[in-house]
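Notes to accompany the following structure.
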Amino acid sequence: MGALSYGKYLRLKELLACQALESAKAGRPAHDELLFIVTHQAYELWFKQCLHELDAVVAIMGAAFVNERDVGRALHYLERVIRIQGVLLDQIDILETMTPLDFLDFRNLLTPSSGFQSAQFRRLENRLGLERTQRLRYNEADYEAALDAPERRAVGAAEREPSLFDVVEAWLARMPFVRSPEFDFWREYHANVTRMLDEDRDTIERKAQLPEAARRAQLEELERTRETFATVFDPAKYERLRAARQRRLSYPAFLAALMIMLYRDEPILQGPFRLLMALVEIDENLSLWRYRHALMVHRMIGMKIGTGGSSGQDYLRRTVEAHRVFLDFFNLSTYLIPRSLLPALPAEVREQLGFRWNA
Amino acid sequence: MGALSYGKYLRLKELLACQALESAKAGRPAHDELLFIVTHQAYELWFKQCLHELDAVVAIMGAAFVNERDVGRALHYLERVIRIQGVLLDQIDILETMTPLDFLDFRNLLTPSSGFQSAQFRRLENRLGLERTQRLRYNEADYEAALDAPERRAVGAAEREPSLFDVVEAWLARMPFVRSPEFDFWREYHANVTRMLDEDRDTIERKAQLPEAARRAQLEELERTRETFATVFDPAKYERLRAARQRRLSYPAFLAALMIMLYRDEPILQGPFRLLMALVEIDENLSLWRYRHALMVHRMIGMKIGTGGSSGQDYLRRTVEAHRVFLDFFNLSTYLIPRSLLPALPAEVREQLGFRWNA
Amino acid sequence: MGALSYGKYLRLKELLACQALESAKAGRPAHDELLFIVTHQAYELWFKQCLHELDAVVAIMGAAFVNERDVGRALHYLERVIRIQGVLLDQIDILETMTPLDFLDFRNLLTPSSGFQSAQFRRLENRLGLERTQRLRYNEADYEAALDAPERRAVGAAEREPSLFDVVEAWLARMPFVRSPEFDFWREYHANVTRMLDEDRDTIERKAQLPEAARRAQLEELERTRETFATVFDPAKYERLRAARQRRLSYPAFLAALMIMLYRDEPILQGPFRLLMALVEIDENLSLWRYRHALMVHRMIGMKIGTGGSSGQDYLRRTVEAHRVFLDFFNLSTYLIPRSLLPALPAEVREQLGFRWNA
Amino acid sequence: MGALSYGKYLRLKELLACQALESAKAGRPAHDELLFIVTHQAYELWFKQCLHELDAVVAIMGAAFVNERDVGRALHYLERVIRIQGVLLDQIDILETMTPLDFLDFRNLLTPSSGFQSAQFRRLENRLGLERTQRLRYNEADYEAALDAPERRAVGAAEREPSLFDVVEAWLARMPFVRSPEFDFWREYHANVTRMLDEDRDTIERKAQLPEAARRAQLEELERTRETFATVFDPAKYERLRAARQRRLSYPAFLAALMIMLYRDEPILQGPFRLLMALVEIDENLSLWRYRHALMVHRMIGMKIGTGGSSGQDYLRRTVEAHRVFLDFFNLSTYLIPRSLLPALPAEVREQLGFRWNA
């Protein structure tokens, strides 16, 4: 028994006994293997923390009723994940102080273990909402192939449970004000969009020095933009985009997200806006981390096979774009129009979006 | 006359008069336009600084004789560029505090100006060694099309002058020790590589749980690796890679760079090793900056055309990989073998790679 | 006439003509002087941006009525200032790539100009709320002594206008709910604090291995804490702290800030809580920047006099603590009690702190 | 048996079982306690890594003969420590996402454990060279009082073994070239210093607008500078500084370090120069970390006692300056003179400082 000490509280004896060098076992200790282990262990500690936060956020946002107090808390946890991602990125700088030749001193001893076997990272991807159909296959096998049985169960569970994407989508889809009957927001928005696109077309046609071919290309692109906007106003067109996997959000969720982007200054939408932006940033940081990871692997092992028998950097590089989860929120900017063209909210709507106190 | 004051020295009056808001001229000042201007101006100031450093490095490394004192200085300037790149990356975080809707308040007023018109950035790319043939076309036009006449001259000059890539390559190509007659390094290296690859093949064949298809794929990849190694020992094969634009360095420069990677601990090679790694880091940072830039543009304008009439984010995203300059140094790791297999340098060679004082 | 180009928009011709090397004028150009100029100019550009944001925040928060829409906007601008501070800190890393010996190549040519003459930085300090009486004297002169006449006017005006501290304090002081009559919050809070402190005393008295002297010291400290808490409940005691310059906020503003800390989860308090935390972070970053600046000056010039004739690093180091503005918000944690001891808000109060929609 | 998997290699089962929440044991789990534990465990992992690197550096630099190959390796490890320190700093940003009120949910449960009980951090300080006499006392007890018996033994051993400061000092002290008989470097240096100081005095006397009092102060400071320079040339004066604890390096080590600063471009001195600068940066980062730590504690617990019964932030804030180890290298800039005044090295000396190959 006895008073709680720092070392006991943090279980330092156990924690600091977890670094077992394969190179030492093989009788030729490699100085840099500790760095390799410690960096990966630090990653796993932070993955655990991220899962803890994401679990909480999914629980909060997955409730039948989410009030603003809850949104505030969910946002707070997501902002913490963003800070952690900053450290995850910086840890690559540390690992890159290991030169390729130093890695070779123990690389072969690690076969066939591989970072692709991180069950926590797979759970993290599933928790965020990465879909099975979206995942690139690796070594012609499903992603769980590299995991052992208990890990596979944990990861599978995370895949079946609602993800962050799922609960945010459901929360958006049931936002009441979007379907407010006495305010035909979307019709007015439609009219203003049309006006804006017509002006854009004029801009392109007026550009004096633009080569004819470029002008044609730009006008064609503008018409594509007009087509894209059409998906806002025509659910059938939107659903075609979804079927083609260019959009993932349901139509009502998409409309709510767009509304939040447009009226983010309204008190009741400030929290939701920050929450969507936090998801965008998490997605962005994860992409950056994947890209930096790919560059590091390239630098470290060139074009040879990875420790798990993979041609890893290619796979990693392709996941940068393929494994993104919240792309729809990036694409929302496509549908924005300048504030000056934005339909003014009627006073009674605006009041309802505010605080009771100010009323 | 008069004593030099801080304000006069830094020409603050002129500097702080360079921020002219188009939105103010148009009679509806947009709060965020100053941020847009200041961020881009800070970029241009740092670009000027980077050009200053790169010009100095090219002058140093392009001399007929480059001693170690010079390498130290060149390295120092490159390390400064790396620090500056850190700030260039962070500045994107600042610019991203501008939301898409805020940007829309003045975006149309900027047409047709565009970041693609940064002459200093083009010079920077040319100074590093980006080749005209490598450049992606943008709006179906050459990259200078967006520049005015004096800018085009400056950028064109930078394209014709030797680049950092050129001078580093020439410096590597004439490194004397690589061709040392009394030490047949490359033959011994060849033998050791063969031994290592044979062991790798055994590893793959021994992997119990590996599905047959995966094993075949890995063995094929190994044979490709063997083929790649063959390019080290057979100049004709190496030249075929170059013809296919998979390598850019001349054969002697490539061998010298590989030698530096392998024997980087020798005193005379420590500086050159650091220099090559600095180039790798500069390339990596530039790629990251392009990628972050592409993500920001996506987030900011979705899939609409950029301020210069471009579908910018696509172009940007493709330059991330297409515009890399020092890829060959990343690929060097492909040819490394473990230190334990590395041919020992004969005492007299080793002595020559050291300092006079220690002799 | 003439389409707007990137270069014209950003006034690059003028901007890139503002770097005039004194060492070049003196006939012996120093390579690193450009870095010195560019870094300081980048600082001044960002200072201008920070002033732009702070001016906007002061205007917003200084209005007679500040609604939640306004708080959101003010917060957004403050968060931008925080991002900019991140770059200001990183820029020191860049400047530190200049070695002391390289600085000596042109240091004497800059006399008597000095960073202490940055009028924008003085305005920034004034805008935040640094008080004249708080400022350390430097070279036995007031801080404006180093400025020229127009600068002195601008800085003086910034000193007389309401600062960010002033407007935030006034906004806090008039928060209505703090004085809510039907809810005697502070009495219940007082009772709970007393209970908590009594428990803390027990903890200290129970610590078995604590040396007697240490126990006494801790108990004395606890009593001091009790005394400090007393200032929450007794305006006269609080005013004594203020008179001793240990607190700066008015009593009602102090109570409102504490309330925000305690009930930050309530929807209407989430924005205000974030705003106070942003001020804390700005203060923290400014302190860090001052400290890093002091370290850099120490490293750069040792114990010799600075370019402006100052024994600069000493002055800088003392400003780290002396020139802090929002210390009161740091100190708020002193008065927190665990959530479990926190008085529950009555339903009707809680409802008023929420959104109309949720009602 | 079975192939090495990622999870087995990293002992993830054990590692991820080390997070035991006291709040869960007490029956009211606090969401943020995991963050508190994980952050501290990540710190301890990185401390272990830093100790691993510093042990290696002390072993290398403590050898009877240190060649340039060794200096290169030692430098490489120190640069890794610097990268790790970057993450240690960023981890504070993560921990600061825990608000004071959230910390209160479990803070009392941790009593009396405290970060002051980190045995690894104490070993780290000792390994760098922090002296017992330099340490601030904390709660009126020696720093080991907070450790248990085995920790105390480990920390005590680290205190008795040669530290990084010790071995670097010894290595500097025996640098041969400093005492080279045929080149009376220091006499010529003395003459040039005298000339430079005379010019500085003229500068001050010529400053037109300087108030008389300030001029007198500056002239007095200049004379103090002259006195300081005198310590370079007069061992007795230097020893007086040491006796007053204003310098720590032995006289010969001090001269060698100054020589390295002045002739850092010579090939043989480039590595040593980088090594000294790495020590400066490690010291600076540690100071920054202490300062940020102090700010965080202030923000987190205000002026109440810490988890270990300490008035922690005061102690922490005072260690920022009191616990610095490599201050002497910061102070070296005091003794620099412009390159133009620097005595030229005779050709034969210069040649000896270069590589054999270039000869």
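For this structure, a couple of remarks:
A, B, C and D are the chain letters, set down in written order, and residue numbers restart from 1 in every chain.
One rule holds for everything that comes next: contacts are C-beta pairs under 8 Å (C-beta built on N, C-alpha and C of every residue); 3 or more make two chains touch, one makes a residue touch a chain.
Everything numeric here is computed off the predicted structure, so don't read it as measured data.
Listed by label, the chains touching chain A and chain B alike are C, D.
By residue number, the contact pairs of A-B overlap by more than half with those of exactly one pair in C-D, B-D or B-C, and this pair is C-D.
Of all the chains, the one whose CA centre sits at the greatest distance from that of chain B is C. If you average the CA atoms of chain A and of chain D, the two centres end up 39 Å from each other.
As a whole-number value, the distance joining the C-alpha centres of chain A and chain C reads 33 Å. Distance between chain C and chain D, defined via averaged C-alpha coordinates, is recorded as 28 Å. For chain B, the set of residues touching two or more other chains reads 3, 111-112, 207. Considering their complex, residues 3, 67-69, 72-73, 176-177, 207-209, 265-268, 270-271, 351-359 of chain A touch chain C. Contact residues of chain A toward chain D in the complex are 3-12, 14-20, 22, 31, 34-35, 37-38, 40-42, 44-46, 48-49, 52, 56, 76, 79-80, 83-84, 86-87, 90-91, 93-94, 97, 110-120, 146, 148, 151, 308.
Residues 28, 99-101, 104-105, 107-108, 111-112, 139-141, 199-200, 203-204, 207, 210-211, 213-214, 217-218, 221-222, 225, 228, 261-262, 264, 280, 284, 287-288, 291-292, 295, 298-305, 309, 311, 330-340 of chain B are the ones that touch chain A when the two sit in their complex.
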